[in-house]
């Protein structure tokens, strides 16, 4: 997997070398279901779209069409990123607000999926709350619209962008990594770097596992030395750990684990300290929820908060940051972060650390709309290089010029 | 009224023969307020728009402009159908969420209607909950915007699409019937067919009458033998029955009634089994609601559910389906259906029947966005044939091609 | 400051004489922060955009891009006006619904502002509930996106339109005044006219001060004799009174106060009777709210309602209207009004007065979308005259023509 910060021509050239055929009319669920070529193509198209936009060149490839969003959990940045990506390509967003719909009425996923898709080109779904549910729901939706398309119900087959599930958060991690690529001046420069994905204390309960899992599932492909650090009991899904191990072996990097935040931070080039809930506890909660045992959920929540409170020392402090490579590791976060003394009494990160990296963190987030747009473009066009080239040639203004 | 499944040229030719002048700058409330020419024009334009979209030809006739939606009842498929239709023609949907507005503030319908319409080309309203209210509300809105237009307040006169009222559900029935036309290979083939619009049991209370009423009001125009079947006491509005009788007489078909589901199904070519509430009970509820008598409403609900429970045998079972023409009647439903053993213990239809017709039902629903778009186009353009022809000639891509 | 009702060429010519350079890439907070040239430019561009739209000429200056709206208070007309303005220019509205977002999660304004702005060209905010808060919040947002733009986080710097704050309601007053200009046949005809901005009784509590404040802050610039009338204790912000005095002195008009509605109405050319809460009480409420003292707020509300009830005679009656210039003063209101016998037992205005001015009031409101669009256009284009001229030359249909 090669990559460099290229000019537009360079991006087009690189894109032509990558095999993206399988992405066409296909969905994006998990990064590890995609080849290295496909992953690199997403980054390349994202950069190319951003380059065109910066040159005030329209990238509308749809004259009409809908991008459907389904958010089963609150969201600001992912919601706006999806809306931005759709708008950038010419799709209008139509949100399925399940409270305003008739779904409570006993309607099946299969039916709803078809009913909202008559003119949908893309569906974006966020469903990360219950283990074993979110990703499965997304598959149910894509199977339903494939059936609908095959049966002649739908005139086009809407493709899916996973906006966060119980397993992976691909648009987040793809954006995070594209930021890393830009900061390090090319993907080849990440080889051999130490990346610490570590648990951090937060006063809240039950944050999804999709970020740490997505991180070890993607970052291990870059030839880096990826360390996953967390207190005992805060394990992630074992299947994803298997993915991380295989990836590391294939990329010439490594994947290791530790129960010490200090060890993970030591000489790290990149750190990603973030709270999450233990996988086993999340499984238990899903189970309790399935049985409607809300007292059990309350008890579990209390137990988890107590367990959390034992690990307040897991925080990205100035002291820990000083132990990273030259004291200047690149600090990543998916935002919003729990900042000590700002959004909570004690949290994931010191206010002074967060402040120093604020611009960098916001830049990190700024890649998400382009990553989503790139996924959509690759799902919808067989020859993305030719599409981008022709957009440049057409040179239609995004904002009117004289 | 003639119709056949034509190619695009054939549709344009047919459209030129139909008198649609009166639809221009007019509203769509009830199908029986429209001439046969006008009804056929909606179907023809719907088919033509779909044909263009399938050929990836843009049908955007608005460069900017708003389509306002007001949903006074939950909705998934109608909401998405309206959004799809607007998007197909180039209008942006702006939903009037009455909870986020200042309407509770004591504002009149007349005022709100104008305030939301400054740049509105179309208004779509769903208001089906109370007898004597929904259709009246829609008329109040259109009168208000007509006044606003005449007084120079509004630069354009937004036209209305009835997305379901207490009397009719025209976008639903027009879509249902267009599906029937396609399944039977042309409107002329429906002549002499037996169509059973029948009540069916559902464990819920108070489903709107607009579907059965819309069905007998429209299907009787096709020269078919339309049978309305329901248990005693489940009558529909007498005025609509009068419409059905007149239509049947004019079209050479018939309109009959029975209290036996079996009789209705016998040798039927088309069946539409669906729950609804008795008209008299709905009137009573509206009355109680008007007086704020919520205890009365609770009591009425219990009474109706008890009455319902006496008719659990009114279900679209395999046994009944076997008695239809060749055992293969076309099964219609507006969805979502109450499916026995799936969405409820005992409902409107057997799971195996529903499953066998699933693709057909979804196709039936797929006509709705096109029917709505056709209504809008006919309301906004004096010469729809010329507009469609020119769109084809322009041949602008809907999705970018190389 | 000169103005006349011109044809399109006249508007372009006038616009070329006005200095709008400072508006470019700038925000619109308060009318008194803008020069006379800038204020007149907004009206001129608003009229020009309306002229183009009436001639069915597209005014889309954005091919893609987002207009972000944040409504921290319910809204119908401002919401639809902002959506209309964005649509008119080619921006898609994306509403930040703070209930669906993760803001409760402890996120800072600075962060949210950037996270929603990656592809935002404009942000419209309504935040009028607490003294000292709304305008400050808007400044925090614009500072945050300026920082984001400077740091390379944002590719464009979204500009702000104040959709109502605790100090001013500029889109409302600019629209009100543009209506006055049209009714009087040009801005020069307002010189020497008597304008009465007066308090009026409403059975509700705590209406924002932004309308009376915006009125005295803007109308005093036109060389008119502006009178502010209210019962004792219903003062507005003293800082805005200072603005009114300075404006009046500079424009050759006057600014006076009275505690008599009759005196204000006497021989007035224009009357704007409207309820508001006393500034001191609003400050107290903000304070109580800040301390979480909800009992204190309840007590304050009761006190204010009692105080209100003593002034039921402050109503725009037929008798009072008869005392205005020729009994025919132009009656203004931002709507919705509290109409005696319609929306409340006793309110701001007699039903017969309101009815007589209904068309005029709706026209007054109809300027708001154009005023907002003009603000956006002036914020985004250095040479607005050239942009408008080129739009006319391009002559692209808004609605398809043959």
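Chains here go by letter, A, B and C, matching the order in which they are written, and residues are numbered from 1 within each.
Here, a residue touches a chain if its C-beta (ideal position, glycine included) is under 8 Å from a C-beta of that chain, and two chains touch if they have at least 3 such contacts.
Quick caveat: nothing in here was measured; it's all calculated off a predicted structure.
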item	value
Topology of the chain contact graph, where touching chains are joined (line, ring, star, complete, other)	complete
Type of subunit A:subunit B copy interface by residue overlap (half), same or different	different
Centre distance in Å when subunit A and subunit B are each reduced to the mean of their C-alpha atoms	41
Multi-chain contact sites of subunit B, meaning residues that touch two or more partners	60, 92
Residue numbers on subunit B that touch subunit A, as the complex places them	50, 53-54, 58-60, 71, 74-77, 79-81, 83-84, 87-88, 90, 92-93, 335-336, 338, 342-344, 359, 362-363, 365-366, 368-369, 396-400, 402
Subunit B partner contacts - residues on subunit A that touch it in the complex	60-66, 92, 94, 96, 100-103, 105-108, 111-112, 114-116, 118-119, 121, 148, 151-155, 380-381, 383, 386-387, 390-391
